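I'd like to ask some things about the structure below.
Naming follows writing order (A, B, C and D), and every chain is counted from residue 1.
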Amino acid sequence: MGYTAAVAGASGYAGGELLRLLLGHPEMEVGALTAGGNAGSRLGEHHPHLVPLADRVLAETTVDTLAGHDMVFLALPHGQSAAIAEQLGSETLVVDCGADFRLTDAREWERYYGTPHAGTWPYGLPEMPGAREALAGTRRIAVPGCHVTTATLALMPAMADALVQPDAVVVSVTGTSGAGKAPKPHLIGSEVMGAVSPYGVGGTHRHTPEIVQNLSQAAGSRVTLSFTPVLAPMPRGILATCTAPLRDGATAEGITAAYRACYADEPFVHLLPEGTWPSTAMTLAANTALIQVTVDPDAGRLVAVAALDNLTKGTAGGALQSANIALGLPEESGLPVTGVAP
Amino acid sequence: MGYTAAVAGASGYAGGELLRLLLGHPEMEVGALTAGGNAGSRLGEHHPHLVPLADRVLAETTVDTLAGHDMVFLALPHGQSAAIAEQLGSETLVVDCGADFRLTDAREWERYYGTPHAGTWPYGLPEMPGAREALAGTRRIAVPGCHVTTATLALMPAMADALVQPDAVVVSVTGTSGAGKAPKPHLIGSEVMGAVSPYGVGGTHRHTPEIVQNLSQAAGSRVTLSFTPVLAPMPRGILATCTAPLRDGATAEGITAAYRACYADEPFVHLLPEGTWPSTAMTLAANTALIQVTVDPDAGRLVAVAALDNLTKGTAGGALQSANIALGLPEESGLPVTGVAP
Amino acid sequence: MGYTAAVAGASGYAGGELLRLLLGHPEMEVGALTAGGNAGSRLGEHHPHLVPLADRVLAETTVDTLAGHDMVFLALPHGQSAAIAEQLGSETLVVDCGADFRLTDAREWERYYGTPHAGTWPYGLPEMPGAREALAGTRRIAVPGCHVTTATLALMPAMADALVQPDAVVVSVTGTSGAGKAPKPHLIGSEVMGAVSPYGVGGTHRHTPEIVQNLSQAAGSRVTLSFTPVLAPMPRGILATCTAPLRDGATAEGITAAYRACYADEPFVHLLPEGTWPSTAMTLAANTALIQVTVDPDAGRLVAVAALDNLTKGTAGGALQSANIALGLPEESGLPVTGVAP
Amino acid sequence: MGYTAAVAGASGYAGGELLRLLLGHPEMEVGALTAGGNAGSRLGEHHPHLVPLADRVLAETTVDTLAGHDMVFLALPHGQSAAIAEQLGSETLVVDCGADFRLTDAREWERYYGTPHAGTWPYGLPEMPGAREALAGTRRIAVPGCHVTTATLALMPAMADALVQPDAVVVSVTGTSGAGKAPKPHLIGSEVMGAVSPYGVGGTHRHTPEIVQNLSQAAGSRVTLSFTPVLAPMPRGILATCTAPLRDGATAEGITAAYRACYADEPFVHLLPEGTWPSTAMTLAANTALIQVTVDPDAGRLVAVAALDNLTKGTAGGALQSANIALGLPEESGLPVTGVAP
C-alpha cells in the first residue's frame, strides 16, 4: 500500500467507480471520502455495492480533508476543481474527472462552459501520441470526457495516418449513468426504459470541442465534427459509430493495418477480429475499449465503431490508468481487462 | 365490417402487430391466419396479448387458405411473396411486408438479396410525393422497411427542397423486435439487455439501397448514404439520427419551415416543438413518427432525428395506412395516433 | 360524444393513462385537464405520446375548473379527494383513483394513512360479488389500488369457495410506474435497471389492509395476509404470486373449476389454458387480467398467479370500466382487451 | 500460481463466470477449456468480455483433456458429471456446478430428475453448519443451485434457532442468465424485456427438494416449502422473498440478533442495516449475499429477503469459495466482495 487516495464527490457515479477500482488496486489505499450535500451520510446509503466501505461516513469536500493524501481524485461538478487544486500543493497528484482543465483553447472553454478558463493540464488519454510522456511524473491530470475517449479511440488512427478527410460524423449511444445521479424527471426508470433519445444535438454538447481538439491533434489540422449523443436504456456503456470520407487511395486493408499498428501494444484498446463488431456488453466494468473498422465503398467512407464502459475506461478507469503512469506504477495496475457478462 | 383480411406469417412479430391493428379497425375483419412451422398451433401460444384471437388455430400458408379474402397481408421471409401474390388474383389487395417488391432497380435487388428481382409494386410510404396517387385503387402494395421509413421521413423534406447536399449519414438505433422471433444466440435476453451494438455496418444492410432509392427520388439526383443500424435493449422503436451537409444559403429557419410545410397535413408525422427531441418511447404502439431538426453551424450540417415504432408505423401500421388508401377508406381508419407510455 | 370527462392530476402516470383511454372511448370527450405544480405547462411536455392533446395547457386543480363535467377523474395524492368531491355536487360522477374512499374500516385507514377517514365509496372492482350492483348508477367510485386488484382477482375464487384457509401470502412484482413520476434517487433509470428489490415489507404497504378487506369479504371471515411488493426493471405490469393452504378436500380440478366458473362471463379476466402461466408482457396497455392456478401437493397449498397492467386494469382502465357501469354504458366500452407486445 | 484449473462447459454462462473469477484468482491458472457443440471455436466468440482468453480454442469435453489439472470445474448439463468424475481420479478436485451430487435422498433425485441417483458429495454452501468441515480437504464438491443458495441463506438462521415454524413460502425473482444460453423462443430479448413471469410453479422446479433439504437440516425436522421462481427482465441477480409463521415468543429483536450472530463472521453474507432492504443491483458480479429480515405482527410471520448474483455467489463464486476451502487456501481468495453498480 504505497499511496493514499482521497475521492471528492464520492457519492456520485464517477466517485463510486473510482472507489470500486481503488479497492482492487494493490498499491493504493482509500483515504478521505468527501461529498457535497451528502456529507455526513454513510457511503453504504449511496453505494451499497461497495461493501468494504459501507460504514465509512462522507466528509465535507474541503481542502483540509483532502490534503495530506498522495493523490486526490476530483469527481465534482464543473468549475470546482481549480480552487481546490491550487490549495492542495504541487506535490499532491490531483486527478480531475471534471472538464475544467481538458481544453487547450480558452475561447472554446468559454463558449461551451460560460466561465473563465482555468487552464490546461496533461491530458489523461494515454493512447494519444505524446500523452504518456506528458503524464509521466505529472501531478495534475485532466481526465477526458467519456464520449470523447470513445470517439477519439475510434477515429484517431485514421486521422493520424491521413486515411480520411478531417470531417467526422459521430453518433454516440450511451447508458444513463453518464447523466449522473441527480434525480431529474426525464431520467427516472419509467421514462428511460424503452426510450432511445438524442440530447445535445447540433454540436451543443460540451464534449464536442474536446473531440475536435483530439482529432485535430491527431490529424494535424482542424477537424470538422458533427456529434450527436444518444441516450439508451442501460446503466452503463458507450457505443460510438464514427464515419469520415475516405481519402484517395485509402483501402480497407490499409486502414485495418493502421488500426492494428496503432493499438498493437495497447493494454486496454483492442481491434476485434474481422467481422466482429463491438458491443457495450463486452466491456462492462472493464477498462477495455473494443474497436472495429470497415470501408463502405458506395459511400466512400470509413466506418469505425468503438465500445467502452463510460464509468470505467470512460472515466474512473482512465483516471487510474493515467495516475499509474504519473506515479511510475505499471500502467495496468489495478485495472480490470476482463468485463462482466452477461 | 366491409373487408376481410388474411394474415400470412401470423405468428411472427409483424403478423402479430397486423392483427392487433386489424382488431381495432372498424372496417376490417380478421380472416385466415397462416404460418409456416407454427401451423397447427393456437395463436395464443405465440401472441397471448391478442386475447380475442387466442383460440384461433394457425393454418398452413397456402394460396387456398389465403384466397377469398378482400385483402391478404404477407409477413413472410423475403422471396416468398411473388409466388403467392401471382395466384391470389388481381382483385385481391396484397400487402407485402417483405422486401420483394420494394426496389425499382433489379441490379440493386440482386446485389443485396442474391435472387432474381420479382418486380416493383406501389410503395407504401404515403408521405412520399406521389405515393398516395400510386396507392389509390392499387391491389399490390410494397411496405417499406422500418429503418427506411424512419430515415426517409427524417431527411426527405431537406432533400426535396435541396437544402442539403445529396450525401447522408444515418445511424439508426432500433429495438430487438426488428430482428424477428427466431431464437438466435445473440438475441436472447441475457445478451441483449445492457448491450448496444451495430450490425450490417459499411453499407451491407439490405435497407441501404431502399433508403438511397427514396432519398434520391426526393432529391432528384443520386444520394450517397452511409447507413449504420444499431441494436438497443428495448423491444420496439427506432430512432434515426440523420445528417447531411448544408447547401449554401440554407438556414435553420428555412429548414424548419420546409419540414413544417412538408408535414403540415400529415396525420401521422409531426415536427415537434422547438427544443423537443423525439424519443422512441413517445411513439410506442402508435402509427406516429416524430421529427426534429436543427442546424450545426460549426459542422455545416443539418441534423434531423426521427422516432417511430418499428412494428407500427415502421411495418404493420404503415401497411394498414396504405391499405386504407388503396381501398378508399379514410387513411387514418383503425390507426392509433396515441402511443402507450411509460 | 355523450359525456364530458375532466382529469385532475393529468400530468402524472395515472392521469396520462386515463387520457389515453378516454381518447379511445366512443362516448366520452376529454374536458378540463388540471395539475398541481405543472399547471400552466403543455400536456405534451409531460405526455408526448398523447399526440392529439399535446397542445392542451394544464389548468390548476380547482373545483371551478373541474365543475360542469359529467364526470371527474381524480388522480391526486392521497387526502385531496374528499374536499373536491364534496363541492362537485352529487350529480357529477367522481372517480377517485386515490386511496381516500377505499377502506371501510376507519381504524385501518387511520393506522395506515394517519389522517381522519373520509368515508367509503362504492368500490371499483366490478368482478367482486355485489360490486356491479353497487356501481350501477352511483356518482362516487373508489378505484382499487393496483396491487389490490391483482391479488384480489388471483385469490378471490378460492377464498369465496372456501377452497383455501384464510391465510394468504402474496408477493407482488411490479414495474416502476406505480411509484409515480416524482424524481427520487432510487427511481432513476441507472438505479432501476438491473435491480429487483422489495419495499413496504412486513405488512407496512398501504395496499395491505385493502387486500385483506377484499379477501375477507370473499372468504366471509377475516383473512390473514403477508404481502410483499417487489420492484422490477420494467415500466408497467404487476405479477402477483399468491398462495394459501388448501382446505381438506380441495382438489386441483375443483379449484380450476371454481376459477373458471367465477370468471367465465368476465370480459377482462381470463383463466389461461392449463400449463400456461401469466406474464406481465401479455397484458401491456390492455384492461386484461390473466390468471393461472395450480396445487402444490407437497406444500399443501394453492398457488395462484395473476398478471395485469398496473396503469390499465390496475388503475385507469379499472376506473373507466367502473365508470361505464355507473353511467349505464356497455362495460367494455373504450377498453382495450388486446395488449401490446412485444 | 499454485493450481491449474480446467473448465468443462466453458462456453456457457456458468463457465464464463468461472473463468472471469479464475482470471482474478492469485493462486489459480486457467488450464483446458472444453465444450460440447462449441468445441473448436474461439472462446472470444462466446465470451468476448474475457479479453485475455479471447483466442483460446475450446476443446471437446473429454476426460483426456480435463485430466492432469489440479482441479476441474464441471458446468455441464445434469447427468454428465458422474462419468467424468469417476475417471478423473480421486486426487483431482472436481467441482460440479450441476445438480448430480447435491441431493442426499435418492428418491427425491429420481422424482425430480428421472434418472438413477449418482451419489452425494460434500455440499458447497460453506455458510451451512458443518459445511466447512466437510469441504476441508475434499476432492469432490457439489455446488448448490442458485435459488437454493439464496433461499437457504435467507431462512437458515430462523430455522436453525426455531424462531419460525417449518413451513416456508419462497418467491424467488431471478434474471435470465439462470436459464442458460440455449436460444429458446421465450428467452429472446423481445420477449423478456417488460416481462415478469413465473415458471416451475407448484413445487415442480428442481431446486425445490434441495431447498427443503437445506432448511430441514437447519431446522432439525422436515420443512414444508412452497417455492415459486419468477423470471424478471435483467441478465443477473436473484431476490428471494421468504416467509414463515413465527413461533410463540419469537420477537423482531431476537430474530435480528439470531441473523446477526449467524452471519457475523461470514465474509460474504451480510445483514443490512435496519430499514435497508436488499436489491439485486447491490450484488452484481460480487460473491456477496445481502439479507434483511422483519416481523409482520398482523400476519404472524417472519419475512426474510436475500439478494445475490446468481452467477457469482449463486454459482461460480460459491464454487470457487468452496474450492478455496477444499485446497486450504484463504476462503476469500480471488473472490470479489465489491459489486459493480450502477
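We take it that a residue touches a chain if its C-beta (ideal position, glycine included) is under 8 Å from a C-beta of that chain, and two chains touch if they have at least 3 such contacts.
According to UniProt, the chain labels map to these proteins: A, B, C, D = N-acetyl-gamma-glutamyl-phosphate reductase.
None of the values given here were measured: they were computed from a predicted structure.
Taking B-D and A-D together, the pair of chains sharing more C-beta contacts is A-D.
Ranking all chains by how far their C-alpha centres lie from the centre of chain D, first place goes to B. The contact pattern of A-B recurs in C-D, the pair among B-C, C-D or A-C where over half of the contact pairs coincide by residue number. Centroids built from CA atoms put chain D at 45 Å from chain B. Chain geometry summary: the mean Cα position of chain A and that of chain D are 35 Å apart.
Multi-chain contact residues, meaning those touching two or more other chains, occur in chain D at positions 13, 176-177, 190-191, 193-194, 233-236, 279, 281, 284, 342. Taken as a graph of touching chains, this assembly is fully connected, with contact between every pair of chains. Of all residues in chain A, those touching chain B in their complex are 169, 171, 173, 190-191, 193-199, 201-203, 208, 224-228, 230, 232-237, 239, 241, 243, 277-281, 284, 292, 294-301, 303, 305, 307, 342.
Only residues 13, 175-177, 179, 181, 183-185, 187-194, 233-235 of chain D touch chain B when the two sit together in their complex.
Per the touch definition, chain A reaches chain D in the complex via residues 13, 16, 20, 23-24, 42, 44-45, 47-52, 176-177, 194, 235-236, 270, 272-273, 276, 279, 281-286, 288, 290, 336-342.
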